[in-house]
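Take a look at the structures listed below.
The following pair of complexes shares a single chain, chain A, combined with chain B in the former and chain C in the latter.
After this line comes the complex of A and B, so read on.
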């Protein structure tokens, strides 16, 4: 078991957003969490990566409790995130962004890893000396994902990587996600675009107002009537 | 013509040390959103620490001055850890008032401990001025401006080239994401403040060799450094350096051609004039501070 959330509750101040969320992510899986805007998908990722504390419940990573640990320590255990809205460091160059991604690594590991990222995203190599703020939305998304894999994570959290991208760009990003998975990384993919997410996911969870309401294999959920009506617009 | 040239050169030399003060201040302001009214107090302490190491315990300047800067940086770490860290998440006003408190506290502590009688640090050498044509430059002044430039360049390279410098920039561009990279952002805050203190102390340490050292020397320095920083554009390094040179040269011109009594007013008159034309400062961005 890579990650297990057990009845996790979380809140922003007085307003509770997650209600006893339980989910499991096995080694080498792509697991997706789908749900409409405001359901709490990003909040789940925030509790995993330590940006937000939980109010109750447990999160275990590789058999060890990590809920309410400090973010900087959670990365070192092997979890990294490509956040919603990309959030690349705008005034750092592409290469410097990747360097920050490898902050917990040695220089040697950084040099190896950067080559691998440039293989996955050749576009980034062309832009290596450019400021991240000068990149297009799609390129920034590549950079955010590239930066997240620099630390050689065991578990990669992807928050809405397709948001606001042109269809060709979405394909590039999906291809990259598959390559990253092939290299042995477990992936938790959060998406509003349910169709796309369920197509590449092994398993999926459906989140509604902070509660898991449905879970199943990716293919199953694609055929599920409720999912079709609510999330696939069919 | 020669008097004019001499005036300009004097101005550039003074401007060099203003630049060091202003870069430190604008760094802490732009990166940490900390309006540090105690900046000049670290300048004052840098001068006193230099007095302690060079005069009281008679170390050579080349050891005493770096030690003075180091002690100021350590003090900066302590101030950050025990006074600022608890209030980083609070309103910007709280932090600002805290530095105002330090601005009042530190010089008074020094006065109680050492009295307000000015102290002098002798320069490391006595040499007759360099003379180029009719322009004279005192070697000690030249040394001071060169060291200021050296420190600014070193700081720039540190921020641009080193892992820690990049982590600082990353932290102040997006703290949360920086944490997710594994950066210990608490330490980054401490180091940033400490470096700002070190730059202020370096200015004080060097000017202690040509000016008197006294408890109230920090306050006027703080206000002038603010004038320079606002003039150049908040949080803008190039602006701080340019602003420092403009103020240094204008002061020198005013001192020569009007009256040296008006010298200290020049920075503020310039400040008002420039802000009337360009409210964000010479090189400031409209949208506010750039990290």
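After this line comes the complex of A and C, so read on.
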């Protein structure tokens, strides 16, 4: 078991956002969490990586409790996040952005990791000395994912990687996600674009107003009437 | 590469020979003050320029440094160099405590809490009469002596402050061009992302404030023995305002900016002296104009002029977007 959330509740101030969310992520699978705006998808990721404290319940990573730990410790344990909205450091170059992601590795590991990221995203290699702000939206998303991979995570959290990207770019990003998975990284993918997410995911959870209402294999959920109506627009 | 070095040789010679060129002791005094401000502006720039946390209490470190050096020479009879070292170390330790408390705050909240810290130090310096002689100040601080060498002339003082200024510029250059500097820029650029990469933000902010406090304290230590007198005026808020003006007008987050800013804004009040009461108005107008039309500060103006020159000499060598960063 890579990650297990057990009846996790979380709140922003007085308003409770997550209601007893329980989910499991096994080794080397892609798990997706789908749901509409404001369902609490990103909040789940925030509680996992320590940005938001939980009010009850527990989160275990590789058998160790990590809820309410600090982000910097959680990253060291092997969880990495690519936050929503292609977050990069606009005034740093592509290479510097990747260096920022490599805080937990040695210099030698760093060089190997950079090569690996450039293999996954050859576009970035061409632009290695360019400022991140000069990249296109898709390239920035690649960079954000690349940076998250730099810390050699066991579990990679991706928050809406398809957001605002051209369809061609979405395909490239999805291909990259598959490659990263094959290199042995477990992936938790949060998406509004349910169709895309369920197609590449092994398993999926459907979140509604902070509660898990449905779970199943990716393909099963794609065929599920309720999911079709609510999220796929079929 | 070779071209880059051509201007450094004459500049170094000029700086080294400055005392020979300036005959008036008044101008030597202004030059030495400018050097002190170079250290102060450079030290403030580490935290406020590179990581983006505006500190308005930075003069406290300067004042503490001044008192530390003066008191440890006068009361404890320590040799000057040791006292100077202490005048850097004590503010550095205090800055650690300040950082521990204030780093949970950002923007104006951080700025205000640093003012509060500086006000506390000012009030202590006025009211702890047994230690500081209060508002009477500490007169007759002996001039620095290094072994048998007593720095009893403007020229000798100039070379000491020159060494200190060059070292702090060098130290700050080394810091910002290492992985530490990259984190500084990352924190300023997108703190949220920096957190997500697992960087211990507080630790890096601490490096910035502690290195800055060390330099500012040393500047204070130098100032005391140079002026031979200090009073709680060293904790006067205007000091920080001067530093902030120098850093912003010179160029936030650049090595050269604070240096240029410090020189210009130390000279400006002297040059504007003819205008009497209006000098502050002119000072203010200049600052507003710089902020409006040169958001990158005077340093960016120098760069623009340099590029203009380059392009006119080599008309085909047009600047590539973003290539600034590659140099």
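We adopt the following convention: the second predicted complex is superposed on the first by the 234 of 234 C-alpha atoms of A that agree within 3 Å, B and C clash if a C-alpha of one lies under 4 Å from a C-alpha of the other, contacts with A are read in each partner's own complex, and residues count from 1 in each chain.
Just so we're on the same page, contacts are C-beta pairs under 8 Å (C-beta built on N, C-alpha and C of every residue); 3 or more make two chains touch, one makes a residue touch a chain.
Just so it is clear, the structure is predicted and the values come from calculations on it, not from any experiment.
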Chain A as common anchor, with chain B and chain C clashing or fitting: clash
Touched partner set for A:76, first chain B, second chain C, both or neither: both
First, second, both or neither for A:163, with chain B first and chain C second: neither
Chain B versus chain C as contact partner of A:179, first or second or both or neither: neither
First, second, both or neither for A:103, with chain B first and chain C second: both
Touched partner set for A:130, first chain B, second chain C, both or neither: second
Which superposed partner A:95 touches (first chain B, second chain C, both, neither): neither
Residues of chain A at both interfaces, chain B in one complex, chain C in the other: 49, 51, 71-72, 75-76, 80-81, 83, 87, 89-92, 96, 99-101, 103-104, 147, 151
Touching residues on chain A, where the partner in the complex is chain B: 49-51, 70-72, 75-76, 80-81, 83, 87, 89-92, 96, 99-101, 103-104, 147, 151
Touching residues on chain B, where the partner in the complex is chain A: 163, 166-167, 169-170, 173-174, 176-185, 290-291
Of chain C, residues touching chain A in the complex: 179, 182-183, 185-186, 189-190, 192-200, 321-322, 325-326
Chain A residues within the chain C interface of the complex: 49, 51, 71-72, 74-76, 80-83, 87-93, 96, 99-101, 103-104, 129-131, 134, 147-148, 151
